[in-house]
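Letters A, B and C mark the chains as written, and numbering starts fresh at 1 in each.
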């Protein structure tokens, strides 16, 4: 009897999870619709601030982790970034589907100016993987349920200075140097545009991470990153490393009785 | 001329921030309305699972950081937790205002059963601070703009076993032992119910952190924590600290030239 | 003191080109490495981090991290404390090199680096600056920051001085300044080059070998630079004094003894006698003592005994604490312009450092990538380059023999985390 009740309740809990998901999805649709309108105004404002995206992209320390240092020269050429969510136009699209559009300025004799769009879509069919790499059955089950990010390869014109590592130009795939050049090119930001999400280990690494970084953080919070770059005291930009390095506090034994701060728990203060 | 444009654009960007805020607020209202309905169903399902909240509260590692180990005995008495958002009933309320209601079961001869509700509201008026502690002007400016969490003190019946540290019973505030007892009591979970947010350093520490932990994480994600607890029982309790102790994963080093995984970025794969 | 270039070229093989990265964080006021018994307002501590990376043939193969703490009293530096935090190799050097000699050369340089060097630039101290209008800090909201930026932009007459905070000028060093060295030795498969233990060419020393290795490095430094009043100590938690003494028997400097440099009395409270360094295992244990409310009970002697029981100090693996406290009679020198890159902020320091420590070194590709990224970042973002060093040690020279034994040895003194919990950079 008791067991029956528990079993039914667990079943009910699972249904509740579906309801939560539905509520979140519906809200997210609405949110993206509202924000898309606001972002149009933002785009206009940003256009009036020279070097806005250069400042944002150099400020965001995590972004740099996805690309090679040599790419920074061309990342500095980015004059505009835009993210649009497919569901705003097409209600049938997954609310996590989006397109990233990037404008590059030219560098004379080396790099052509261009505007490149790359669309990312949630996929549930794990049979589409071309290489399985170290994927486990567990990964498949998870990806089938939650979906995984994919994209179609997009053409981009590489800078001439990268001819030596441009994977489509590297013909020598047998010597260790040739292999290294090929793999080096695969790690370049330019290879991200070819990323499909279906060839783990054989294409730009963590392409989905970079896509999500742009759509979930860099683009929505670009103004925040822009102002953060202007922090006056550079040392105020304390990084995580420093946090672990706080002085050891001894509980003072003779404060006021009401003073509860002496041994404050080291729980971080959350924003409300 | 050019300068004017920059100045206007910066102003426009600030206006966009307001628009973003408005869009987020409107979406959040809708989201909480939808979720509140779903949470009613969840409440019913949870009632059919004995010990649900005990499992959740022991599973949540961060929760324990806010309370004293001695409190855990009474935290195990919690039979229900509910969070309601004020804006669901009252459209004028800040969407971050909420009430936490907690049911405690009794422990014979020590602790009475009771249901306690505590309401948290966003405040913008920094002149309400009774003690300033280490607050800076910068903190004031920030809190005035973003708001800060406050609450009115709520009565709760303390367990008898805590008589020695119950701040309302500690009369000796001069000896170092008396002071210590007083401060110890202030750090108890029971003192959280007295927390106002206006006396930093003189009341339960990080009361806002604990409130947000419950409203933003523990309550919305309780089912997740409940199921996670079952995984841990089966496998092993792997907490974050252990991650660094994991055996190193070896990757084969002589892949094909196309193998870009050898040096996969260890940026964590984000959920899509 | 010779230039860093000279010191290193003497220990690197003849006619071979090497490239050095030497980063220094901006000097910054810090808390003392000791828990203060009462707040001591007369002393200021300035903390600096150094990070070295050495490469050849476009591969980074060696790295060393250390911290320098200057104690300032009456606007003069009275003490320079060097905490050697991590050193490691990854086995991707094609030449015969002596990691021990490289490490000794770098320590040579750091020990004799004039403390005034760190003070020549203004040092940020706590507090915010007056005047100059509102400043943008970490707590400034985006909207308010935009307003401040606009106001600055609009009033662009003359210089629109952004706020720079309080700075304090420090005169220089006390003629009697002392130099301390601290390090903690424990063998680990890898310290700064994650996954490098998978390189079969990397040779990993045992705890005991590593201890002897470091003793010999420090002993050389002692003989070369320290005066006769110097104290040099070795503490092996859980080891009998007689056995600890045995490690010291081959040392050339006369002032070695068993113990530590921080306190004479074993009855002293550990909490006040034990320094806490970044990412420091004994510091973590000290924290635990505080959390357990035993800070006022644990004496120094108990501390070492208890420490041995700690997980990080398990039996079967020799770990040790080495200390030096003394004076350097010789003249000290400032660095040459090209041999140190002083970073504008801790943030940029971490970004550059992570090009080395965030990489993975299971194959040589990591060593190549680290090199390429460092070279490109310094060039593109800092208009700097790695320092070229041409080796001049002849293969027949004494000292170069037997280098095979410690060639590519991972020599890392300290720290628990083998792999950074959150490796940031690693392509």
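The definition used in the following text is that a residue touches a chain if its C-beta (ideal position, glycine included) is under 8 Å from a C-beta of that chain, and two chains touch if they have at least 3 such contacts.
Since we're looking at a predicted model, the values are computed, not measured.
Looking at chain B and chain C, the chains in contact with each of them are A.
By number of C-beta pairs in contact, chains A-B lead all other pairings.
Taking the mean Cα position of each chain as its centre, C sits at the greatest distance from chain B. The mean-CA centres of chain B and chain C are about 38 angstrom from one another, to the nearest whole unit. Mean C-alpha positions place chain A and chain C at a centre distance of 34 Å.
Centroids built from CA atoms put chain B at 26 Å from chain A. Counting partner chains per residue, chain A shows two or more touched chains at residues 62, 65, 183, 187, 205, 223.
Residues of chain C found to touch two or more other chains are 137, 140, 142, 146, 149, 358, 365, 369, 422, 424, 426-427. Within the complex, the chain B residues that touch chain A are 5-6, 8-10, 12-13, 15-17, 19-20, 23-24, 26-27, 30-31, 34-35, 38, 41-42, 44-50, 62, 65-66, 96, 122, 133, 146-149, 173-174, 176, 178-180, 182-183, 186-187, 200-206, 208-209, 211-213, 216, 223, 226, 255, 257-265, 267-272. Partner chain C is touched in their complex by these residues of chain A: 58, 61-62, 64-65, 67-70, 72-73, 76, 180, 183-184, 187, 205, 223-224, 227-228, 230-242, 244-251. Every residue of chain B that touches chain C in the complex is listed here, in rising order: 3, 6-7, 10-11, 13-14, 17-18, 136, 138-139, 141-142, 145-146, 240, 243-244, 248, 250-251, 253, 262-268. Residues 26, 28, 31-32, 35, 124, 135-138, 140, 142, 145-146, 149, 162-165, 271, 276, 278-279, 283, 286-287, 290, 293, 295, 344-347, 350-351, 354-355, 358, 365, 368-369, 372-377, 380-381, 422, 424-427 of chain C touch chain A in their complex.
Interface residues of chain C facing chain B in the complex, by the touch rule stated above, are 128, 137, 139-144, 146-147, 149-150, 153-154, 156, 189, 195, 197-198, 358-360, 362-363, 365-366, 369, 416-419, 421-424, 426-427.
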